[in-house]
Amino acid sequence: MAASDRDSQFKLFSDPVHGFISVPKRTLLPLLQSPEVQRLRRIRQLGVGYLVFPGAEHTRFNHALGAMALMQDTLSTLADKGTPINADEREAALVAALLHDIGHGPFSHTLEHTLISDFRHEAMSRALLIDLNERFDGRLSLALQIFDDAYERPFFHDLVASQLDMDRLDYLRRDSFYTGVVEGRVGVDRLLKTMRVTPAEGGPDSRVVVEAKGVYAVENFLISRRLMYWQVYLHKTVLAGDKLLQASFRRARRHYRNRSLNAVEGASPALAFFLSNDLSVEDVRDPEVRAQYVALDDTDVLYTLKRWMGSTDPVLRDLSQRFINRKFLRTTFLDEDPSTEQLSDWKRAIADRLVSEGISTPATAENDAAFYLTLDHSRHSAYERIDSSICILGRDGTVRELSEMADVSSSINSLTGFVEKPYVCAPKFLDIAATVRA
Amino acid sequence: MAASDRDSQFKLFSDPVHGFISVPKRTLLPLLQSPEVQRLRRIRQLGVGYLVFPGAEHTRFNHALGAMALMQDTLSTLADKGTPINADEREAALVAALLHDIGHGPFSHTLEHTLISDFRHEAMSRALLIDLNERFDGRLSLALQIFDDAYERPFFHDLVASQLDMDRLDYLRRDSFYTGVVEGRVGVDRLLKTMRVTPAEGGPDSRVVVEAKGVYAVENFLISRRLMYWQVYLHKTVLAGDKLLQASFRRARRHYRNRSLNAVEGASPALAFFLSNDLSVEDVRDPEVRAQYVALDDTDVLYTLKRWMGSTDPVLRDLSQRFINRKFLRTTFLDEDPSTEQLSDWKRAIADRLVSEGISTPATAENDAAFYLTLDHSRHSAYERIDSSICILGRDGTVRELSEMADVSSSINSLTGFVEKPYVCAPKFLDIAATVRA
Amino acid sequence: MAASDRDSQFKLFSDPVHGFISVPKRTLLPLLQSPEVQRLRRIRQLGVGYLVFPGAEHTRFNHALGAMALMQDTLSTLADKGTPINADEREAALVAALLHDIGHGPFSHTLEHTLISDFRHEAMSRALLIDLNERFDGRLSLALQIFDDAYERPFFHDLVASQLDMDRLDYLRRDSFYTGVVEGRVGVDRLLKTMRVTPAEGGPDSRVVVEAKGVYAVENFLISRRLMYWQVYLHKTVLAGDKLLQASFRRARRHYRNRSLNAVEGASPALAFFLSNDLSVEDVRDPEVRAQYVALDDTDVLYTLKRWMGSTDPVLRDLSQRFINRKFLRTTFLDEDPSTEQLSDWKRAIADRLVSEGISTPATAENDAAFYLTLDHSRHSAYERIDSSICILGRDGTVRELSEMADVSSSINSLTGFVEKPYVCAPKFLDIAATVRA
Amino acid sequence: MAASDRDSQFKLFSDPVHGFISVPKRTLLPLLQSPEVQRLRRIRQLGVGYLVFPGAEHTRFNHALGAMALMQDTLSTLADKGTPINADEREAALVAALLHDIGHGPFSHTLEHTLISDFRHEAMSRALLIDLNERFDGRLSLALQIFDDAYERPFFHDLVASQLDMDRLDYLRRDSFYTGVVEGRVGVDRLLKTMRVTPAEGGPDSRVVVEAKGVYAVENFLISRRLMYWQVYLHKTVLAGDKLLQASFRRARRHYRNRSLNAVEGASPALAFFLSNDLSVEDVRDPEVRAQYVALDDTDVLYTLKRWMGSTDPVLRDLSQRFINRKFLRTTFLDEDPSTEQLSDWKRAIADRLVSEGISTPATAENDAAFYLTLDHSRHSAYERIDSSICILGRDGTVRELSEMADVSSSINSLTGFVEKPYVCAPKFLDIAATVRA
C-alpha cells in the first residue's frame, strides 16, 4: 500500500543532542546496519576522556549519526537559499557525513600510531569507503568523489571536511553536552542558518561561506572550540590516560618483537595481529589488514588490558592495572622543554622506585623507567589555518576572510596562531612542578 | 547584486525554545512588523501566570513566532514524505500560524468576557486578519481560507486548528520551558516527524495523521498537556489572580454604568472605551471597536490598576492594590458546589470584615462582598474531544482513532473524559477548606 | 598548610546531569577508586538499551556518582528543615548511595539469571560491601547497617531503598537525559525540596515523607516513571536484544555442559567460570565467586560474542553475529498467551528455516529453534507497591498514603495496579502479529 | 503542630534557570512581598533587549530571586569548606542579594540619566534599603552593613558586589538562557563550588578566592561575559532602541521646560513628576522622590509612549510611534569619531527629510534633527578592573591575581583592557556605513 510504503522511507533515532534523527531507508539505513558502522558503537568518541568526564561515554556511532543529521539540516538551508541540490547529491552528502570517520580505531586517536605507523584515519576511512562501495554496487561513488574533493561542486566537500564541517559542528556540540562543560556549547543552528553557497552560479568556484550576520556565530564557534581544547581534549588527566595506554602497548609490542609471548598472552586476536606485525599506512591496501582493523574496537583494548593485569611481565602488569583501575601518572605542563640532565635525573629516580617496589630489577630498571616517563607537546593544531579558511559574505556582496572583518579582528587575533606546550607525564611521587620551580 | 539579494530572504530571530527562527522577508516580515503583531509583545502568554511562575513572562509575540517556526518544520517533513506544497501554500500556512492568535486581548483569556460579552478570540482574530489582508492587497487571502477551513486541502487547517496544531505544540513546550515545570516538556520534534498527510491523493478528504511509530509521542503529548493543565493553567493561585483581576474590572464597569466616574479616573483611553460601552462579539464588525482593541494591551491594564490604587472607591482601591502588590484571595477546590446557605454565610462574614476594615459601610457591605467571593468551575476542556480527533496511520495502512489502538488504550482511557471541579475564591481569613470539612 | 589542606576535602567531577559533583576525599574518594567501583565504568546502565537509543551509553559508575550527589542535596534539605544529621551518618549515607548497585553484573539485568540462578543483585551488593568494609577497616559499618535497614534511624534506609530513593531519582532523570525521551524528565529538585523526616522526634518510627505542596511533584514522578517503562525499559527492541543475548548464553552454557568446548573457545576467563559452573545466589558467599564476578563486565560479554562469531557451532555463531551486528529478532506484544499449538507451529517454521539457511540439520533443527523463539511477559513491577508506600504530610500535620489524597486520587488510580503483558521474540520472517490476528 | 510549623519555613518558587528556589518565610518572604520588590516584576532585566531577543522578557524580580538562590548555594559551599556562617549572617546575606538591585528604574539602565541626572542605582538601592529597614524594625541592618562593605567579615560584601558576585553570576546565566545565546552560558555551579574564604582565620582580611582547580571556570566566565557584551548588551539594535527611548524622553522634557504641556498630555503621573522636576542623585534623600520612584516602572513608560503616539508635537509623536511599533534608527559602529563637518552634514540631511515628511517646518528642522542623530561610545566597562580583582588560591597556599597565573595568562590578556567604540544612531536612509567608507 502506498501509505505504508512511504511510512518506511525513514527510520527514526532518538538522539539527546539533536532530538529525533530521520535516517532514509534507502542506502543510508543499510549502510548504518553494516558491520563497519555498527563497529563505531564500540569506539568511544573521546578515547580515554570518559575516565575524566564520567558522562562522556558517547561513541563514534552516535557522532556519525549526528553529523549526518546536521548535513540534512544544512542542505535544507542551502536549498531554501536557492542552491539546487538533487536527490543523488543529497544522498551522497549524507553518506559522506555518516562515513567520514569510519576509519577511526579503538580509543579514537590514542592508539592510532601505536598500531600502524604514520597512520592517518582518513586513509583508512577512504579504503573502507571503497570496500563498502563495492558491496553497495557503486552507489557510494558520488560520496567518494565528495570525500576526495573530486566532485564538480566543491562546496559539498567543504561540508564534509573544512573548518566548519558537519564533523566539527557535531563533535563540539556533542562533547560539550556529554562532558558537562556547558560553556563549550556551540549554537550550531545559528551557524547552519547563516551558511550559503556562493556564487551559486559559479560552478567550480562555488564554496561555503557565512553571511555577515553570522560573524558572531563563527566567533562563538572558535571560542567554544578553544575552550573545549584546553578543558577537554588537552585536559591533563586525559593526556595522562593517553600516555599510559600508549606505554602499555609499546611495552606489549616489545614482547612481540622479542618473542617473549607468554607475557602478552590473552590479547585479543585482532590486537595481536597489529602488535605482531609492523604495519604502516601503506598497508591499508591489504584486505587482511582492513578485515582485522574492522574487527578491532575498544572492547579488544579493555579486554586485553584486563588479561595483561595478570601478565608475567611486572611492568606490563603494572601498566595495565594502572589503566584499568585508573591510577594514572601525573601530567605537568612546562614553560619549556626540560634539559637532558633533568630528564635523566627523573628517569633515574623512577628506576630506583621501580626496583624498590619490586617491579624492576636493577638490571632492567633504567630501561623500564622509559615506560613511566613521557615528554610530549600539546598542540592546539586547529588554530593554524583559521586565517586561511572561513569566508564571510559581506552585506555588499564581497567575500572576505574572517580575520579581515573589521568588527571581529581584535577578538580573532587572540584565537589564531599555533599554541604548543611541553608537558611531562610521570609518577606522582616525582613532584615535577616543584623540581622545575626549584 | 544577486548574493546580497538572497542574503535578505530571511531575517533571523533568536528564540530560547526553538533556536534560530528564519522569518521570510516576503509578506511574513512586514506582517511581523505590523502594529497588530507588535502589540502581541505586550500581551503575556499566560495572563496572570507570571505572578505564580516568576520566569513565565513570555508573550504572545514569542509564541506566534514559535508557531510559525513549527509550521516551517512540519511543512518540510510533510514535503519530504511526498506531500507537494507549493510556495503560495507554504506562505499562507506560515501566515495563518503567525496570526492564529492575533485577536487575543490583554492578559490573554482573563479579561475577554469582562470586556466584550460572548467574546471569542477567533472572531476577533478573523476580523483583524481581514483588515490586514486589505492592507496587504489580498496577499493573505489563502491564509484566510485556511483559517476558515475553506481551502480545498483541509490538512492545512488541521495544522492551524486541531488537537495537534502548531499552536498547542508551541505553547505546551514554551510554557513548560518558561514555568520550569520540566515534566510538562513535549518532545515536539518527535511528533512533527511522525506526522503525514493521508491519503495524499485523496483531495478533499486529506487530513493530518500520525504514523504508528508516533503513538507514544502522542500519548506523551496528552500526558504533558494534562500535567500542564493541573499544574499551571488551573493552578490555584493563577485562578485566584484571574478572579481578582475580573473583580476589579467588574467593579469599575459598575462605576461607568452609574456614572460615578471620578472613581475610575485615570483609566487608559482604550480600557475606558470598553468599560463604558456594553459590547458583544457582534461589535467586532465595527472598525472603531477593532481600532480600540488593537490599542489595548497588558500595559493598559497594569497602568490603570496602578491608577485605581488611589481611587475614591475603597473597594476598587483595595482590589487594585491587592492585584498590584499580589495579595490575592485564596482558591479552594471543593468536591461539590457549596449550598446557597453556605455561600450566604461566607458573604456575610466577608461583609463584616469589610466594615471592620473600613472598606465598606454597613449599607454597602453585602453588595461589596460579592467582589470578594467567587464560585466557579475549573474545566479541563481539552479532554472532551480527544476520542474524536487524533488519527493514527497503522502499519497496515488503515487509519484509526487513537483510542482504538490496542497498545495505548488503557493509558488513554485515563486521559479522556471531561474533568470539572468547583472552586471558591475568597479572602484567606475565611478558612473555606476547614468550614467545608466541618 | 591550612588552606591547601582544606582545598583537598573534595574532588570535583563534571556530570552532564547534575553539574559539578563534589566527592569528599575522606572514605568516599578511596571507595570510588576501588576496583569494585571502577568496574562500574564498564557496565552500561541500560544493558542493551544503547542499541536502541544511541545516546544511552551511560554507565553504572556515572549513576552511582549521581545517586551520591542527590543524597548530598537531600541530606542538606533535611538538615535545613531541622533533622540533625551528624558527620558519620552523612558519610554513611553517601557511601550507601554510592555502593547501592555495586553488585550489578554485565549488561545490568539482562544476564543476571543466566550467570547465577536465583540471582538478586542486592545479595551480591551486600557481599561486596562487606568485602570493602573489611578493606576499609570497618569504616563502612554504618553504611552497611543503613543498607540492611538495621540502623536506628530508618529514614536513612528510605533514602537508599524505597519508592523515592536516590537510585530511582537519579536513574529516571539520567535515562531520560541520555535516551532523549524528554517527557520522562523528572523535576528531581522539586521532589527533594519537599521531602522531610517525620516525626523528627519519633526515633525508630521516623520516616521520609513528602510535604503536601509536593504532591504534584510525586504524581509527575510516577507518570514519568511509567512513561520510561513503556518507552525505554520495556521497549520492544530492547526486549529483543535482551532475549538474543540470553539465548546466546544459554546456547554456550549447553556446550559447557556437553563438554563441546571447542564451540565456545575464546570466552573470557571470567565468563567461562560462570558458564562452566552451575552457581546459585548462595554461592556469593564464596570469595572465588566474588573475585570472578568483580572481574566480569560488559567488555567480557562483547569480546566473547565477537569470538563466538567464529564458533564451530553454527547456531552460536549466528546468534553472536546477530547481536554484534544488531540483527535482532522481532518482539510482538500479544493480548494473551499463545496456545501450545501456535507455539509448536512457529517453532516448526523456524526449524525449517534454520535447515534451509544451513544453520541446522534436520536432526537438530527442532532443538535449535528453541533459541530463536521466546515467550515472556513484560511486567511493570514498579507499580505493585505504589499504594503502600509514598506518604504525604498534610498541611494539618497528618500523614497519609498518596492514593488517599483527594486531589490526586483520580490520576493515581490510573498509575497503580500491576501491568503484565505477554510477548514473543521470533525471527522477522514469522509475521507473528499477522498470524495472531488471522 | 511542630511538623506543619516547620512545613512553613520556606515558600518554593519554580524558576526555569535554577529550578526550585526556597525562600525562607522569615524576613525574606515578607520582603519579597513588599511593593518595592513586587515592582521589580514590572521592570525588564534587559531594558529594550526584549525588542531584539523576543524571548528575553525576564524581569528584575526573577533575577533578584535568582541572585538570592545563588547566595544560598554559595554560603552552603563555604560552610562545607569550614567557614562558619551563623543564622543572622546567612539571613543578611540573602537579604543583600535579594535587594541588591532594588533601586533600578524602568527599562533598567536606559532611562536612568534621563530621569535623574548623575543617577547611580546603587544610591537609590541604598536609600530604599534604609526605608525597608525602618519598616522591618531594623532587621535589615546587617544586610545594610554588608551592602556598605562595613561589616567586619568583608567576604560577604564580595559576594554581593565584586567581579564574581551573585548578581553577575545570575544575570549572565539568566540572560544567556532567555536570549537563546547559548554560548554565553556560564557553568555557575562550577564557579560556586570552587570558591572559598581565605584565610578563614584572618578576620578583617578575609576575602573570597577561587581555588586553583577553578581557574578554567573563571576564564570561561570572563569569556562568556565578553560574548554577552558584544552580542546582547551592546547589540546594535539594542543600542538603537536605547537611543530612541532616550530621544523621546529628552523631547518630552523640553515640553515640560517650555510649558508646552499639551504635547505631553497623558504621561503617567510618576513619569510626569520626573520629567517636570530637574532632579539629581542628591534628591534620593527626599521621601517624595523615592515614593514617586517606587511608583515608576516599565508600564509607565510604555503607557506614556502609547499616549504620545497621538501627541500634538509631530516629533514626539513620530519618536513614540517608532518605539512602540519598533521602527528604530540604525546603529553604525565606526573606527573613529566622525568629524564635526560630517555630523553637520548628516544633521542637515535629516532636517531636510523631516521637512519633506511633514514632521518639521524649515524653521524647526535643524533643531528637531538632533533627536534623530546620536553619537555615543559603547564601552565594555567590565574589563577595566579585571586585572585587579579575581584572586586564585594556588595549590601551594599562595593567593595570586588571576592574570598572574601562568596557565591562563595568554588567554586572559585578550580579555583585559578597556574596549571603547564610537557609534552613530541615525535614520536608515542615511547610509552611514557607506558615507564613512567613501
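Read from first to last, the chains carry the letters A, B, C and D; within each, the first residue is number 1.
The rule we apply is simple: a residue touches a chain if its C-beta (ideal position, glycine included) is under 8 Å from a C-beta of that chain, and two chains touch if they have at least 3 such contacts.
In this text, all values refer to a predicted model and were calculated from it rather than measured experimentally.
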| item | value |
| --- | --- |
| Copies chain B and chain C touch via same or different residues, half shared test | same |
| Most distant chain from chain D by Cα centroid | C |
| CA centroid of chain A to CA centroid of chain C, Å | 32 |
| Chain centre separation in whole Å, for chain D relative to chain A (CA means) | 43 |
| Chain A, residues touching no fewer than two other chains | 14, 19-20, 180-181, 187 |
| List of chain B residues in touch with chain C within their complex | 180-183, 185-187, 216, 220, 223-224, 226-227, 230-231, 333, 335, 406-407, 410-411, 413-414, 419 |
| Interface residues, chain C side, partner chain A - complex | 13-17, 19-20, 33, 35, 38, 41-42, 50-51, 53-55, 57-59, 61-62, 65, 177-181, 268-269, 295, 299-300, 302-303, 306-307, 324-327 |
| Footprint of chain D on chain C - complex, ascending | 1-4, 6-7, 9-10, 12, 14, 19-20, 22, 76, 80-82, 187, 189-190, 193-194, 196, 198-201, 211-213, 393-397 |
